[in-house]
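Common to both upcoming complexes is chain A, partnered first by chain B, then by chain C.
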Partner chain A sequence: MKRRWVYALVLIMAFLWTGSTALAASKGKVVLGMAGSLSTFDPHTFSSLPISMHHTNVFETLLTRKPDGSLTTLLAKSYKMASPKVWEFKLREGLKFSNGDPITAEAVKFSFERILDPKMKSKQYRYFKSIKSLEVVNKYTVRIHTKKPDPMLPPFLAIYGFIVPPKYYKKHNKKFLARNPIGSGPYIVKKWRKGEELIYEENPNASRKPKVKTAVVKFIPESTTRVAALISGDVDVIDNLPPGLSGRVKASKGARVIAKQSPRTNYILMVIKKGAPWMDVRVRRAMNLAIDRNSITKNVMMGFAKPVAVLDGPASFGHNPNLKPYPYNPAKAKKLLAEAGFSKGFEFDVYIPRGRFMMGKEALEGIAGQWARVSLKANVRVMEWGSMKKIIFSKYKDNVKPFLYYLARMNTAFSTEHMFAGAISSRSAYGGFRDKGIDKLINEARSTMDNTARDKKYQEIGRILRHEKVPIIPLYQTFRIYGVSKKLSWTPRADGKLIASEVGLAGAN
Partner chain B sequence: MTAETPDGESRKYTDEYDEEYRYGRRWQKIWASLLKDKSALFGVVILLVVVVVAVLAPVLSPVSPYEQLLSRNLKPPMWSDGERIYILGTDHLGRDFLSRLIYGTRVSLIVGFFAVFITGTFGLFVGLMAGYFGGKVDFFLMRFVDLVLSFPFILLALATIAIVGPSLTVIILVMSMRIWVIYARVVRGEVLTLREQEFVQAARSIGGSHIRIIFRHLLPNVLAPVIIIASLYLGRMIIIEAGLSFLGLGVPPPTPTWGGLLSDGKVHLYTAWWVVTFPGLAITITVLGANLVGDWLRNVLDPRLRSL
Partner chain C sequence: MAGYVVKRVIQAIFLLKLVMVIVFLLLHMTGDPVSVMMDTDATQEDIDYMKKLMGFDQPLWVQYGRFFKNAVRGDFGESIEHGEPAMALVLERLPATLEMALGAFTFAVVIGIPFGCLAAFKEGSIYDKSCVGITVLIQAVPDFWLAIMFIMFFSVFLGVLPSFGRGGWQHFIMPAFAASSYHLARLARLMRSQMLEVMRQDYITTARAKGLNEKVILMVHALKNSAIPIVTVLGLDLGILLGGTVIIEVVFAWPGVGRLVVQAIANRDFPIVQSAVFLMASGFVIINLTVDLIYAYLDPRISYS
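== the complex of A and B ==
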């Protein structure tokens, strides 16, 4: 009797399961299993990768990036630098928000003023702090006035600066707006249970159509669970697939692995100050030459990383294609160390935050092993990010012993300047290198308005860093790895974002 | 010398003789029961083997546990590079897994034994003081014990290690922070009954100092429960250490620890089964050994403590 019940239950379960997947396919639905969750749908308060990935479905920016990483227009029809301190944008005409309100220059002005409003305490402020004011020229033309000439503004307009309907956003309070967004993106938020599930439905008023009518996002922070959900068919695509689990996806029947080099550069920084053996540039060069980057990327990162010469990859503005990563040459490293008076090597600490960078600890352990071959004894210290930040910020204090630290920086702006600002400039909170000459070159390049000339200047700085100053130990750019069901058609983006409205079903165009 | 009993009977004052006799018999009994109890014998053998492996790690390991070669990473057990066979394969950095497992024994045992020793000594001391002096001393010590007991241990451990940074010493101390209270409570309870007994009264009446009474008369009588708790907690300590290492809060790399090996291996679980299987087995077997010995010691020394 009991057994009969079990059979019935199994049958019902099987029916429900096949029933639901069959239904899903016919209606045009994809399910995404994503690692990172988002905290708000207010497009002007916070900044993070999950936020920019999800808000892009619901809101639109003036500019955007194509999947290949190139900058293009979105709400703007065209834009130009009207004068060194003025950017002018002409908007596409006749576009509407999902509530029917028209998209006008007034909405653009309102949206940016909302970000810049000190009361908002927006985390996006730092991207737009060069903006002085916005000016509505006519219904579809808006001008952004900057405090100083800012050639770097357009890349940030492709990440944040989502445009919202003023009437709606003036009427409601922040708490309400965090849960009830209105934008002009391909999707509207139909249902959202924070940290669990998010359902997108096609926005009838949108100018751009999503690839499928409904997209369901399931937030699954645990990577093995995410992989299991993909393989069982519960979700169609997952992000943040750890390299160690890629084999499992590859071996499965229904899914494949898609990986794409992302602008996330991993590097080891040095606190360059008195008392550090690496005050001597020969030591810094030796530390670079003692690392076999190809072996690390191939064996530890399982091929999901590519060595870089300085700080950026080929997709970045200002990248110097003539620079090659440091070759592996332990013999030369030993020689340089001996010349600098360290034939017996030295011992030092190298810090890495726990669980923050893909395979970071494993790679650093591998590097420490390679350093050991040239008598450099590196003590790998795995730290909580909070404690590590404190150590980094105290780096120049007299009683702090010089140390090394492993970090990575995501370059969603695809600009070398962003990387220099974060790791090379003396003013960087995270960098460990101070050189007035380099600071001057960076400042000069940044205020050069001509794109070609600026590109050249950044390339030249790259050359000086790679061949003369050696201020850091560049490692590699990691790939973003996805597990994708074979029934999907989807092109991975150069900026590493998994945007639901871009995921389509194979054969359905 | 003779003494009068209440019913007027006289007997020889043979305290010393009695004591010797009693203890001699006791150890004989313990030994006999060990030989009889197969599972206890098994536990003792496991622990002995583990200790020997830890002590002789440099002799037993085929190569240095730190010698890496990235191009031979994640090779399966019995893989040969032409020169020699890697009996348990290699890890993600191409290090010999058997050597790492053998060296990992050291950390587990050091942490286990030291933590047990520190907690045992400290807990014993606190328990003796609280039980013997009673009153205010007892009140304050025991409220402190309650305070420690009410603190979520894992949270305490995570926070402390996150702030101070992981190292062998820190981990032993963090683990000890919580466990000593178990000893303190049991010892205090024992002392409370012991201090009212005649031999303590007698020692006090002939002018024995507090120190003499505590260490000469009370201490030997509460050692049995302490030994029992220690043996039971040895296994638990090894598990806690493995757990902390698994969370990345253990002894820092590249020192191999069983929990650390598990933690490193978990991302390769689907492609390289050996990197999690062997450290998992090592932890299980060692803890099993410690628990078997603990159970048996409890049965022999003090069956009243079955609830532990």
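== the complex of A and C ==
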């Protein structure tokens, strides 16, 4: 009787085992386990990191970023500023979309007009809102006319502004196009089940070949499961590996940890208005000096973060390499607080969204502990993101007590200007600092067309912010951490994107 | 009977409407989709422009009026994030949710009820004691932890089951069992206590005195009479499983409605949330009605005419 049970069990186990090996067979393809889900394959409606990562496989932009982060051409052969308000692009000739349609200046014009069309309600509009019109000069030359001089256009042309075949995109409705993309990227979408899996197949008409013929993306939101899937061999590479789980990947036989500093800067913003102790710049400086950034990056982030001086890292245009992160100096912080009349400290709220930024809550709790040593009592308030935004947008209302808030921003445009506009300028919806002088400097820099001169201006703004105005509490840039099977060959990108067509098999090339 | 059903259906329609209004107001009070979807580098100007384009600058009652007008015609609007009809997106995910919910429900019934019965039948035995102990343990263990332990053991250590996703029956076992664990244990315990109570009733003693076969007593007299609370709990369980296996869906990357809705709530993607709430509330209403009708069958003293 007992023995029969054992036989049955062995049989069941054998059956289960054969079932799962059939699944694991993966020759000539790679399987990616990715955290973020993809909502649409219409390249002109939404914007998010998962969208730009996936759309890059299927569509192409005029410009692009090399893995090292430098700006280069893609569909464009060359580009130049024809006059301050005109950018001119010469396209590579003879290229085709995956359906065989030719890639022409007309397609470029159509694609941008589709983004700018108010009926599309495109979230990408704001990246291209400076565009006034597009002009087809000849089959392979297109000009972008801007409302005012816009040197910031090229970095955005390397992220969004995917070029599509006009005929196909005019013929079909929005609903159909959300699932059935046609582009010129290395892959075409063979099958896509939302929230489940996405299968890429080599695009026969592409000018750039993918590293592997077939790439399968599995959408796995839970990090523990992604790690289990990697270790058990169900997937070959995973993204968004939490620092706490990196040890488990390192200890596994088949996989390793690859990490690279990304342009994702974490910082704490302050609502600088009447009634806030930090209206006084000495207090802001003291709050910065009281934080031991090295300890946080080492102990909380487990080394997967690097302190920054202002808002950007070394890969950004306009980064000032002479600026150092604020040193840890609690004695000086105490002295500054006393000078400002806060020798007994003060109490305040600091908000952070739940589960949005890597180890954000843990880091902020560490920082609150360091602040407590200089008598600053920070109440860490963990919020749902939508509700927290509502609080941020009410910051200047009279009945709202001044507060602090922790944010992080992925700067895939590698532009200091972009960070200033989003956190320092008084036009920013998220910033808490208003200074006419700084606004003027930012505007001046943005309309400076000469790259060297503009770079200098941003560096100077960085210096003023770091040493004189101290409008924010810069923290660090986090790394993007991946678990990668040893059978893969892949170089992590400076912009933090995991692009399926760039993932190759070791020894294949 | 027919009159009762009609009355219940009319009640249900009002209930659904109320639920929709509450969800609409709650979501709008805690943030609007434009603010949520605009990245942290947006200017106020950008946000205002998008709000105007999408109609979120209008007063709340105008927005609700527009939503309601379309909803009664079965049009729940277009998802903000996906750019596709919201109801279709929810319906697309429904099979996966149904598969897991019904699977978990079946596990709970097929395992929970016999175990409970047997424990009651052999009251005081080692079997009974271990059954009680195990079910308490299972009930106390959070399902996501159990799910992760399953993955660690069966996928990583033994390598016999796929670690995530939907597909063949191998994909289905772990998530369905993890989702059912709590319900299974509760059902077994409830079944046991109900059976014990019924077994002490006079009519069971009478049946025994009449010399009826013990099996007949157990299956016919005891089981049916202890079924009413069980049916109530089953109805609740099924409702919960249909609407709330979010954590299990996330852990196993199971492409169900729960994940879609949680994402939609985070993004304030109202059309998706409304569609899903409508479906789930309808499901609950139908299950409740069915449960009430089963009562009448189980206990002839209950009548709805």
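We adopt the following convention: the second predicted complex is superposed on the first by the 482 of 509 C-alpha atoms of A that agree within 3 Å, B and C clash if a C-alpha of one lies under 4 Å from a C-alpha of the other, contacts with A are read in each partner's own complex, and residues count from 1 in each chain.
As a convention for this text, a residue touches a chain if its C-beta (ideal position, glycine included) is under 8 Å from a C-beta of that chain, and two chains touch if they have at least 3 such contacts.
Keep in mind it's a predicted model, so treat the numbers as computed, not measured.
Engineer: Would you mind checking whether chain B and chain C clash or fit side by side on chain A after the superposition?
Structural biologist: Aligned on chain A, chain B and chain C fit with no clash.
Engineer: Tell me which partner A:Val300 touches in the superposition: chain B (first), chain C (second), both or neither.
Structural biologist: First partner only.
Engineer: Could you tell me if A:Ser47 is touching chain B, chain C, both of them or neither one (first, second, both, neither)?
Structural biologist: A:Ser47 contacts chain C only, not chain B.
Engineer: Looking at the overlay, does A:Lys175 come into contact with chain B only (first), chain C only (second), both, or neither?
Structural biologist: second
Engineer: Figure out whether A:Leu289 sits in contact with chain B (first) or chain C (second), or with both, or with neither.
Structural biologist: In the superposition, A:Leu289 touches no partner, neither chain B nor chain C.
Engineer: Quick one: is A:Ile461 in contact with chain B, with chain C, with both, or with neither? Answer first, second, both or neither.
Structural biologist: neither
Engineer: Contacts for A:Tyr125 in the overlay, against chain B (first) and chain C (second): which applies, first, second, both or neither?
Structural biologist: So A:Tyr125 only meets chain C here.
Engineer: For A:Phe219 in the superposed arrangement: first (chain B), second (chain C), both or neither?
Structural biologist: second
Engineer: Specify the partner with more touching residues on chain A, choosing between chain B and chain C.
Structural biologist: C
Engineer: Mind working out whether A:Ser387 is in touch with chain B, chain C, both or neither, as first, second, both or neither?
Structural biologist: A:Ser387 sits against chain B and chain C alike.
Engineer: Chain B to chain C: minimum CA distance in the overlay, Å?
Structural biologist: Nearest C-alpha pair, chain B versus chain C: 6 Å apart.
Engineer: Shared contact residues on chain A for chain B and chain C?
Structural biologist: After superposing on chain A, chain A residues 224, 384, 386-387 contact both chain B and chain C.
Engineer: In the complex formed with chain A, which residues of chain B make contact?
Structural biologist: Within the complex, chain B touches chain A at residues 66, 68, 70-71, 73, 92-94, 162-163, 165-166, 248, 252-254, 264, 267-271.
Engineer: Across the complex, what residues on chain A touch chain B?
Structural biologist: 224, 242-245, 247-248, 292, 295-296, 298-300, 354-355, 361-362, 365-366, 368-369, 372, 379-384, 386-387
Engineer: List the residues on chain C that touch chain A in their complex, please.
Structural biologist: 30-31, 35-47, 49-50, 53-54, 79, 81-85, 89, 92-93, 148, 151-152, 155-156, 159-168, 170, 250-253, 255, 259-260, 263, 266-268
Engineer: For chain A, which residues are in contact with chain C within the complex?
Structural biologist: Touching chain C: residues 13, 16-17, 19-20, 23, 33, 37, 39-40, 42, 45-47, 118, 121, 123, 125-126, 129, 174-175, 178-179, 193-197, 218-222, 224-225, 228-229, 231-234, 384-387, 389-390, 393, 407-409, 411, 418-419, 421-423, 425, 427-430 of chain A.
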